[in-house]
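Both complexes shown next keep chain A, but they swap its partner, so chain B is in the first and chain C is in the second.
Here is the complex of A and B:
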């Protein structure tokens, strides 16, 4: 187990370094800089001094090394668009609504999706199976900003049940969280259904039935447990993946979260903030995959024995 | 089924049936896939014959006097804020969406096949490198990378195709890799190797033709992903620039008008949803029909 983890850790670190270099280079190759004449009519000396102050006059390699050195000390620099605070402070402030939105969305969507998937697998070709398939297909194929728009139109504009946008009061949370929850719900309805069906078709289930075990015990003690592996391993990547979905949900419902900064940091060439956001997501994805791999190996001893994942 | 496939002396009722025949039967049995395919064909026809079924070009501001008019007999989907017939905009939007979807899928397949073939055939170090490249693409959220790339090269139609292809090849590559890995130990490949065929020849003449069904599946499934990416980027304002009609862009504009002029939000939203959904259902059905072992994955 330990060598397996170490090997994965190594390959994940290599990936992370490559990704950070790629992003840094891409970011700096975008024409224009944060203190260009277009946005900020400054005298040339002031601009030169600003560039010097933020190290933008140095070579890319030096800048990269300096920045990553800072990152190792948890210093992500100062965001150009709000120089009164550090990147970490800004992220800490904007993080809260995003986390509430994403966390509640996943907490509500996942169990609903699992229940739907189980019901669909146990009652094949009934209305609940079709409902689960419809939810899964709709949720996975329709972009989340379209889902959000439909929800606003129906529940806020036509039925007038809830406010369409904003974040202050909890009644304003309902729509964005519901829109957000459709992603984990769809993902889980699909995965649970197919994992359950896979397991139900295995010979050991037939043996259990032949032995006369009650259907309830077969389902809860054997089938569910054996179907859990793909369901556990898909959770973390999906959870992090919803972070990109949050850009749209937050933009549409005017939630003051991280989402807006993804777009604005690229627009304004806010290098420190942009880099921090990208690195943060990359690290989370790397960790999510790493933990999923470890969980997978831990839950499924056959992989551990083989050592290598194909 | 012609008589050529009937063995001499065999009972005429038991005709030899090709795998394609069974695939077709499986496909037709899948109602959702058939409906998806039909809708997709209809959308393609609409996109191709757009000038014939619309009354004005999508960018012509012919109806400024009726700007923001609701749907009527004269304007089926109403008129938008800049006096353009909204039905024309939606129909021409199908051209943008579908052409980007198909071109990006072609691009994905062109990158995915050689990399998947190399990784699957040689394994070892080459496989490791390809898998690391895939890992890089899987830890970077495509949307953010696309936004960066879009800013880098200035967005635009061709750029979206390039970006969508760049992030769409992973699935094709994995499918081809798995297929080739499974086939390269088969007897006919061994025989070709024994006859002295070079790896390039074996991959081109034996392994890739045997990977046609995963390639088709990967191709069709890459289309909706590309269309979604285009719509998302255009929605955020970094995709296809106006005045080219793009549904994502229209949804963004529609948002500002939705309280009073619902049609500007509803029609592009529905158009995008229906198109992506039809393509996905068609692709899923095709996958299940061509390779039943992949079902539900």
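Here is the complex of A and C:
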């Protein structure tokens, strides 16, 4: 397992370099710059000095090398949108709400979805199954910004149970987290149901019954474990969710998270922040794949045993 | 008034199994009566769709019901009435009274657990023994099924073993709770020809050693010739003939049994064309009237198409259901 992880970490760093080059190039190929006349009416000499100060007058290659040199020292520069702090400080500040929103959303939505999926699979073609399927289908097809607005309308405006938006006090967390949780819940409900049904139809389940195992034991000891293998792949998007929150949910509930910066840093040509966000996403993706693969191998002896078969 | 004789180990009387479909009912088994006594071995022979596997699955209650509809005047295993039994009694009977081995050993084990874990689990479901005791018992069992390196097989996952090895392990698992009867559903069909004979030999030998009853389900008369005392020939969900194995080969009474024997390859030796039974097996959703074999039978007449003949005694310990018995 350790060499496997080391190999994967090496390929993660290669990916990291390739992605950084691609993003750096694409970012600079968008016309305009951070200190363009349209956005900031500055005298040309001031603009030239700013460009010089941030190294924007140098060749792209030099800029890239300088930037990556900084990255190695964990120096991601100063965000143009908010020059009073470093990029790292801004990320540290804005990531907390996103992490709380995404993390709690996943932590609440995932078990609910799995339970719903199990119930649906075990009570196939009953009202439980239909209800679970309806929840899953609605959750997957209705965009989260629509769900969010319906929830605001019902729980904040009509019932007046919770505040409609904002962050700060924990009562303001309820709605955005609930709205975000519908995504993992719907996804997991659907995957769990189909993975369970798939496993229940395997011949080995009949053998387990013929051995005299109780149905409960068959489900919890064998069927769930086997069904978890395909479900690990769903883990990936959920993991990314905890990193970024949901751009839509954050915007609707005015959560001061990272989501807004993904958009604003592109619009304002905030090169340092944009690079940092994209590289962060890259690392999250790679980590998610790595964790998925480790989980997959841990659950599935056919992968774990590797080439041992003679 | 004399005491009732001990009930047979397996007692199936007038068993019917059907599967309602959206456009009719598939009648897989239509009135099968079958007994197995302690230590007796029988073979159920028939082509696919004859209802032989379904009958066994029905006795062990392994058919999902619904959709399956199971009816019988008696359906018992070692004295346990499998129709009125609740889920706990059924689970308790399976594995302990009656064990089953299946056709394809490659898909019969849970892929995420080792062979050892799966045998130990079976033992511990039925008996209060420690994990260590169960493991050492499992190791002994693997030796009994002639596995040479039992300790390493115990720690192997199913995908690491060959079909023959897995079938041996499955037999060991089935025997782990000392069942009184073993159901073997085409246990060699999925295996290499070279391994088939070894597995059959092993089953026969263990059956004698453990003093179990055996029901060998197969489409291959060659298999029953080597392993069982008595043969039950099934066709179209019904029993056509049953007789001691020697009688089946020496003097088959039923035209279907005769046709089956004639279609066995290698009877005369040398190069010869395989003889087939003309026609196709009956459609279980719409079985023929009368005797299910009459559309393919060379002796059939109007009576055969009109009504199913009753089982009649054709010898001291054999019966057949045919209007044309000599």
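General remarks:
Simple rule for what comes next: the second predicted complex is superposed on the first by the 278 of 310 C-alpha atoms of A that agree within 3 Å, B and C clash if a C-alpha of one lies under 4 Å from a C-alpha of the other, contacts with A are read in each partner's own complex, and residues count from 1 in each chain.
To be clear about the criterion, a contact is a pair of C-beta atoms (placed from the backbone, for glycine too) under 8 Å apart; a residue touches a chain by one contact, two chains touch by 3 or more.
Remember, it's a predicted structure, so these values are computed and weren't measured experimentally.
Look at chain A after the overlay: chain B and chain C fit there side by side. In the superposition on chain A, contact is made by A:15 with chain B only, not with chain C. Geometry note, superposition on chain A: angle between chain B and chain C about the Cα centre of chain A is 70 degrees, to the nearest 10.
Between chain B and chain C, it is B that contacts the larger number of residues in chain A. Once chain A of one complex is fitted onto chain A of the other, the partner contacts of A:282 are limited to chain B, with no touch recorded for chain C.
In the superposition on chain A, contact of A:247 is made with chain B only, not with chain C. Judged by the touch definition given at the top, the superposed model places A:82 against neither chain B nor chain C. Contacts of A:51 after superposition on the shared chain: neither chain B nor chain C is touched. Residue contacts after overlaying the shared chain place A:226 against chain C, while chain B stays out of touching range.
In the superposition on chain A, A:268 makes contact with neither chain B nor chain C.
Contacts of A:299 after superposition on the shared chain: chain C is touched, whereas chain B is not.
Between chain B and chain C, the smallest C-alpha to C-alpha distance in the superposed model amounts to 11 Å. Within the complex, the chain A residues that touch chain C are 202-204, 206-215, 217, 221-222, 225-226, 229, 299-302, 305, 308-309.
Every residue of chain B that touches chain A in the complex is listed here, in rising order: 32, 132, 135-136, 138-141, 143-145, 147-149, 151-152, 181, 224, 228, 231-232, 235-236, 238, 251, 254-255, 258-259, 262, 265-266, 269, 272-273, 276-277, 280-281, 284, 295-297. Partner chain B is touched in their complex by these residues of chain A: 11-12, 14-16, 18-19, 22-23, 26-27, 29-30, 133, 137-138, 140-143, 145-146, 149-150, 152-153, 157, 190, 193-194, 197-198, 241, 243-244, 247-248, 251-252, 262-263, 266-267, 277-278, 281-282, 285-286, 289, 310. Against chain A, in their complex, chain C makes its touches with residues 60, 62, 87-88, 91-96, 99-100, 102, 104, 107-114, 121-122, 125-126, 157, 159-160, 170, 173, 177.
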